[in-house]
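Sharing a structure with you now.
Residue numbering begins at 1 within each chain, and the chains themselves are lettered A, B, C, D, E and F in the order written.
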Amino acid sequence: MAEPRASQPETFPQPVEGTVMPRFADIPTFMRLPVQRDATQLDIALIGVPWDGGTTNRPGARHGPREIRNMSSMMRKIHPVSAIQPYSLARVGDHGDVPVNPADLTDTLERVERFFARVHAAGAVPLSAGGDHLVTLPIMRAIARHRPVGMVHFDAHSDTWDSYFGGFKYTHGTPFRRAIEEGLLDPKRTVQIGIRGSLYHADDMDWAYEQGIRVIGIEEYFDLGVARVIEEARRVVGDGPTYVSFDVDGLDPVYAPGTGTPEVGGFSTHEAQRMLRGLQGLDLVGGDVVEVSPPFDPSGNTALVGATMMFEILCVLADAVARRRDAGEAP
Amino acid sequence: MAEPRASQPETFPQPVEGTVMPRFADIPTFMRLPVQRDATQLDIALIGVPWDGGTTNRPGARHGPREIRNMSSMMRKIHPVSAIQPYSLARVGDHGDVPVNPADLTDTLERVERFFARVHAAGAVPLSAGGDHLVTLPIMRAIARHRPVGMVHFDAHSDTWDSYFGGFKYTHGTPFRRAIEEGLLDPKRTVQIGIRGSLYHADDMDWAYEQGIRVIGIEEYFDLGVARVIEEARRVVGDGPTYVSFDVDGLDPVYAPGTGTPEVGGFSTHEAQRMLRGLQGLDLVGGDVVEVSPPFDPSGNTALVGATMMFEILCVLADAVARRRDAGEAP
Amino acid sequence: MAEPRASQPETFPQPVEGTVMPRFADIPTFMRLPVQRDATQLDIALIGVPWDGGTTNRPGARHGPREIRNMSSMMRKIHPVSAIQPYSLARVGDHGDVPVNPADLTDTLERVERFFARVHAAGAVPLSAGGDHLVTLPIMRAIARHRPVGMVHFDAHSDTWDSYFGGFKYTHGTPFRRAIEEGLLDPKRTVQIGIRGSLYHADDMDWAYEQGIRVIGIEEYFDLGVARVIEEARRVVGDGPTYVSFDVDGLDPVYAPGTGTPEVGGFSTHEAQRMLRGLQGLDLVGGDVVEVSPPFDPSGNTALVGATMMFEILCVLADAVARRRDAGEAP
Amino acid sequence: MAEPRASQPETFPQPVEGTVMPRFADIPTFMRLPVQRDATQLDIALIGVPWDGGTTNRPGARHGPREIRNMSSMMRKIHPVSAIQPYSLARVGDHGDVPVNPADLTDTLERVERFFARVHAAGAVPLSAGGDHLVTLPIMRAIARHRPVGMVHFDAHSDTWDSYFGGFKYTHGTPFRRAIEEGLLDPKRTVQIGIRGSLYHADDMDWAYEQGIRVIGIEEYFDLGVARVIEEARRVVGDGPTYVSFDVDGLDPVYAPGTGTPEVGGFSTHEAQRMLRGLQGLDLVGGDVVEVSPPFDPSGNTALVGATMMFEILCVLADAVARRRDAGEAP
Amino acid sequence: MAEPRASQPETFPQPVEGTVMPRFADIPTFMRLPVQRDATQLDIALIGVPWDGGTTNRPGARHGPREIRNMSSMMRKIHPVSAIQPYSLARVGDHGDVPVNPADLTDTLERVERFFARVHAAGAVPLSAGGDHLVTLPIMRAIARHRPVGMVHFDAHSDTWDSYFGGFKYTHGTPFRRAIEEGLLDPKRTVQIGIRGSLYHADDMDWAYEQGIRVIGIEEYFDLGVARVIEEARRVVGDGPTYVSFDVDGLDPVYAPGTGTPEVGGFSTHEAQRMLRGLQGLDLVGGDVVEVSPPFDPSGNTALVGATMMFEILCVLADAVARRRDAGEAP
Amino acid sequence: MAEPRASQPETFPQPVEGTVMPRFADIPTFMRLPVQRDATQLDIALIGVPWDGGTTNRPGARHGPREIRNMSSMMRKIHPVSAIQPYSLARVGDHGDVPVNPADLTDTLERVERFFARVHAAGAVPLSAGGDHLVTLPIMRAIARHRPVGMVHFDAHSDTWDSYFGGFKYTHGTPFRRAIEEGLLDPKRTVQIGIRGSLYHADDMDWAYEQGIRVIGIEEYFDLGVARVIEEARRVVGDGPTYVSFDVDGLDPVYAPGTGTPEVGGFSTHEAQRMLRGLQGLDLVGGDVVEVSPPFDPSGNTALVGATMMFEILCVLADAVARRRDAGEAP
């Protein structure tokens, strides 16, 4: 286990300890952290986006934030491999959920954007629990309007389809096409890992390739191995500001059955953990874990996986925040 | 068991028999009937509306039609109490699902309306499996534009709220307010049975009372007893054209846990069966069973209940169709 | 609570007490009784018939005996209403399962008959946990060859259909037609309670009526009320030897979702308990609880209900055994 | 619907409205109320006791408070029958969970007592979500040391056994024997409703009878009917301070499968609601809902029932608090 | 992604597109293809065999075809790795289920054989969804009477036991012993992959070895790795006509918990996908996916896996059909 | 497959064969072996310890022994890889459960110790099914008082924390700290495999390292590979008496969701099988499989895994017993 970075003052918000209050007890917040509705008091805001209105297949991701909160009680304070202590490196808190409109997609896209714009303006970096993958679009609108981001994207699907249901432009299959069209996401600094699943048409992936997205399909993923995938991902995103988007359907469905569009044959949670750890040192500016759908998750494992991946991202994000602070930059 | 009405020719579509092809076998259609995409060949069209975009709480009703089809294999051909043989009285078939847009409420309301307008124009009476309760609104737009209908409405909620989420007018909590405002539903010929559930504001129910809806709250329901509730429902709707809308959350949640907004303390399935049988002889012009949400239904009982209630409505509806035919009227 | 009958010597087999060994612990036997493979040591033999080869719809009843054993750990020693202490009145033990052949119906019918014939010859009265309802046929062949029995039969279905699948005579829908044809069951001393469920043909029930079976359909059941149903059942079976057959699908499926052919709208467990208690004093010569299918029982309640009904029957059966012994008759 | 009592100032804590923030969203607190860790700011403190160390059978009640919180999001603000508006009558808040010790019973009894003693000293009335039924003992130690309480007790079991496992005095089967021995509970002002379940020994209930507890076993319950049971309960507890303890296993297990010791044949949720409403006007000084065990509750209905019963108790408790305040007494 | 083979006319049957009719909607057929009851209109007939009468352990495979149909809605039109477009290469349709007899094994073996013989005579290649593994025997009787087939067989068990339950010859543990004895299956062109599970007797596998079957036990499988297993399988079956039989219990049970005889420690779905893709170019003449048992599959993943494996086989089978057509042979 | 060791006389207890009595039938004992309550008749005693009173997080392991018994019916007689025939090498039987006290930790520790001390004195080697991991402590007190044991320990957690909940010394997180302090476990002959999970404090693992425990964290585990992990484990424990403790949470939670403290990212069941087989030849003196919690195991796979791991340990343990007997030593 590596040496931890020097700790910050004890005044940063800390999770409730499981040896004091049992893990199954008390009101479930993300990582058992205090609720902090004022984003100016946070470096990293943990936010729920309980919405599945963009889902073309099985719904239920609206229940994701609550169950991820519930299972995140299993997370402790220190990363067992990197030794990162996120709560010593950054002020982290549960910033609550966006008050979405479950019956109106357009209204919700605006509500999510406004909510995250406020967080962004307050100087906090967002780490979100979805919700379906369309929620990443308004998040990017809030944080990448003035400077497009790169992205490390874990998923079974490219989510760059153009439209559904007769020209409809906004679903959880289209966010990154929109984000690229709107100049929020830099396709040349975007890497997609785990893509698979059968196709509607032979040219489904062509648009993504044309934009310059680096697509690591699942076959190439297995052929390269985790270490070289990490290397390639780091090469693609480089030094610029980078967003991490983790769709749990990138995992094999045995690890995450509770999701809207499961695709057999994905990567494992341990591999995902290694990849996320491999992002340490990048200029990370936000992240999300999406598509956890508790109604399809009888064992609760998908929510546990979602919470664990959120903790993994939190560690490298807190590290990035601390580096920027050490360098005199904004979080 | 009463004497059955005289049978129609054997040329009417018939369900596959369970003693020939086992009930669990073959492609599941409603009641094991043939698929019939041409509504002109039907007197009663069984239609799925797989949509939950109006749901303010737990989603999943989009999966209702498939599971109701699946469980409807348990229905046989003859009603055990009324002795009605629906497939001898009317041409009944599985007319498929409406091609909804899961990501756009407005588009879907129009699609549902168009679909049912075609069915209506073809001379078939619709019996639908939802979907959330908002789907009843476009169905009424399709069949009641020129002549408002009365309604026997089983539900835990009045569904006459005005708006949600800051003025939003269309959710599964508002269809009947809209239907009354649009002149599709005659409030004075509307009876709501089983209403309960806590309230947002003291005046939540006032609008319904003012329109003249006869609300039989659950306490009055239990005090009256089933026989007098039937009597009262028949009195309210009278001789006019009447729609039957059965929201499974009117039942106690032990009978229908798989639903979006369960409310403890409802009526039983046997009571519901008696009430639906009690509608025989009314001028029924359509019906639906809504809010079956399979992801919240681990035992599958909600879907079985949904299929059974659909069969109950089918029997009294086929009887009404046959009466009108005997009287020389359109189905 | 009534006064208990005088107890027998402490030498009768006794269940393991829950205040000594916790209920969830140790090897699960019926009612936590000792295993006794020698039927001559028993007055009442508790027997599993783990077989569902006669099931025309959903299988799984083969797993019934194990789960009923598991849940029967919740039963204690004394009936809370009748105060019957079955283990003081009779020697009761877990006699194990019949070694059925899951892939051959004919072979299994013979195996079950042989097994129960041995029990019968040993002087023990059988109380069985099914298994699908066809298992009652070979049990009757074993115990009623020389003297037809009457029957109190709880069920949603009459189980007197003639054949399935092109003339096939043996399924769980036909046992009582066969038993009457074979002279094992006296139709005039047979009462069926709870019959409902839609019909294949208008004359489905005619054969039963013609034999003189007293069918109390669910509508008549609710109209009569429990007390008068008990009275009527006692009247029908009279003083002669009587078998009790309890198909859990007689209950409403909310009480017993884990069953092969659920039919909405049945009686409740409390009503069933009252009816079974109402059989005290009859000349009971055997019983069974059938159609518990654990794979369709996510909450486990069906198995608990099965175990409870078995305990209810055990109490009145032990009482009958003790009465016969007091009268100098065989158990 | 009756006229509501005059409202209090808007300054009382209010739940988050479901038409503003969807019911499935944000951090789940009891009834969506604010968290208030300072009991002096509350008239009624909603408290979780996440502990099942006294459970002799199936565990899991430690997870009860979280799931009850989760499901309590379905409760709105106004009672649909009594029209009580609890949040206008009293200051109500989520006071968090007791920091129990899952591995030490004695330590936990002390922790629970200390926690509730602080609440009591602060002048707040406790309404708790268990936890197993043993938690009621330390609650009574905290609030009834100086003045014994009467009790309306809903349960399948009397919970007045003396000891388990070789003389062990503290389990969820013994709390009321201890409470009576310690002078906390007045047996002559105690009524137990729904008692059933088989017995270990013929004299199991004798101690309870000798103390003068009024036991309404389930048979008497059904024979009396709800209205007369309410009358009898009110007669027994009279004008004195009264505690309401609701064990969900008093309900039939179809309503509450997720519990430690289910007993077939109980009352329904609607009946329970009527009984709880029937307590309005009594001098209520606290209450609890216990034995909700989410791991045995695949449909989630038990937690929904638990939350609903908690809301029912809250309404009559808030009414009692307001009456005392109107009379110039402490809450 | 490789170049796809030249497409056939658009007149071939095509699946309903998920961007037009949502995936969860409408009547579920295999792969959302049209129902085609006339086998002469098909090159590849997708057939359900809803039967589990040969199951020696946990039943439920009779429900496999429906749930596989349901989950097959998640399959799109083009293989993401091989780029095969099966619906351009062959006429594929849902040919319905065999009308089995759930209560008679012998009768069912004959029914299945007759059904497939008709399909075979019509010139269509069968791809089936079981059902338990015994169904492969009558399928082989229908298609391999005149020319024995080789087989690539994925399974945890060799299924070459001789008999069960005292000499009983037909169960899901014996089909390939019978098929070899009857000259339908060429053991020297048979490879079994994934065999494991403890043994009854030390010589359980000897018969298989003596016939010349190439058994790749799970240890050898892991030692060889997927690429060399594919190579070896291709070597064994060579150029002759070859059947693919995929028992989902070959997979580790985490991928396929819903099966009759799970054996811990199998291969993964991704490995299975690679192996199935590795069969491209063989002279494939039929295939099946068996032992999907939905009642033991709470998350639904087993059915999804079954549908995905069926799609994988369909792709290589369509390719074989097209090659034969290109070569002027029968499909 | 290797040659089996020479068999012992047929007089050793044998499991019931699945081809005689179906696997799902009869009373479930461990491995379908006879119940043997007299330990002097056994070389290896299979024992349940149905207790979860040391669990700090999710309970339910008290139900582990029954479900492991249930699923162990799937085990046959001969190991498919090592060809070990355990029932020919040793007298093995189901020795029942320890009569624990679910409500008192101290009392239970004493009861477990007494029970195992009797087994040890009788000359039998224990192989246990837990129960939570604290049960290993009293087992070691029973068998290692006079001679400390080494241990091969599979787990996600080191279980060497000092205390919980304010100084409480006995939970399932502390057994090996206590065992080392008490001189029962030799830390220098202890290897822990699979350790991971986030930490409370940076020095959480220091005590373990200081004692000389060889900790193979999950990262080192994956880097080394199974073969070298086996080698290292054998090196650490050497020739001395060695205990095998298998906590199912060492596995990835997809293999064992039914456990108290799941940690994402563990090893697979196949890897576990290889590691356990790799222990053949060590001087094994006991073992356990712990932390199987059926209430969190909807698919039943965790119990199947538990039973399989128990069979794997049984094979190497029987081999060790036979070797010692061959060498003239006690079992």
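Please note the rule applied: a contact is a pair of C-beta atoms (placed from the backbone, for glycine too) under 8 Å apart; a residue touches a chain by one contact, two chains touch by 3 or more.
Keep in mind the model is a prediction, meaning the values are calculated, not measured.
Counting the residue numbers that touch the partner chain, chain A and chain D have more than half of them in common. A centroid comparison over C-alpha atoms places D as the chain most distant from chain E.
With centres defined as mean CA coordinates, chain E is found 41 Å away from chain B.
Centres computed as Cα averages put chain B at a distance of 56 Å from chain F. Those residues of chain D in touch with two or more other chains are numbered 20, 22, 24, 56, 58, 62-63, 99, 102, 164-166, 254, 296, 298-299. Touching pairs of chains, sorted by label, consist of A-B, A-D, A-E, A-F, B-C, B-D, B-E, C-D, C-E, C-F, D-F, E-F. Listing the residues of chain E that touch chain A in their complex gives 1, 4, 17-20, 22-24, 74-81, 83, 85, 254-255, 268-270, 273, 298-301, 304-305, 308, 311. Within the complex formed with chain E, the chain B residues making contact are 20-22, 24-29, 35, 48, 50, 62-63, 65-66, 69-70, 94, 96-100, 102, 298.
By the touch criterion stated above, chain F contacts chain A in their complex at residues 56-58, 161, 163-166, 195-202, 204-205, 217-219, 222, 252-254, 257-258, 261-266, 296-299. Residues 52-56, 58-60, 62-63, 99, 101-105, 107, 164-166, 168, 170-171, 295-296, 298 of chain D touch chain F in their complex.
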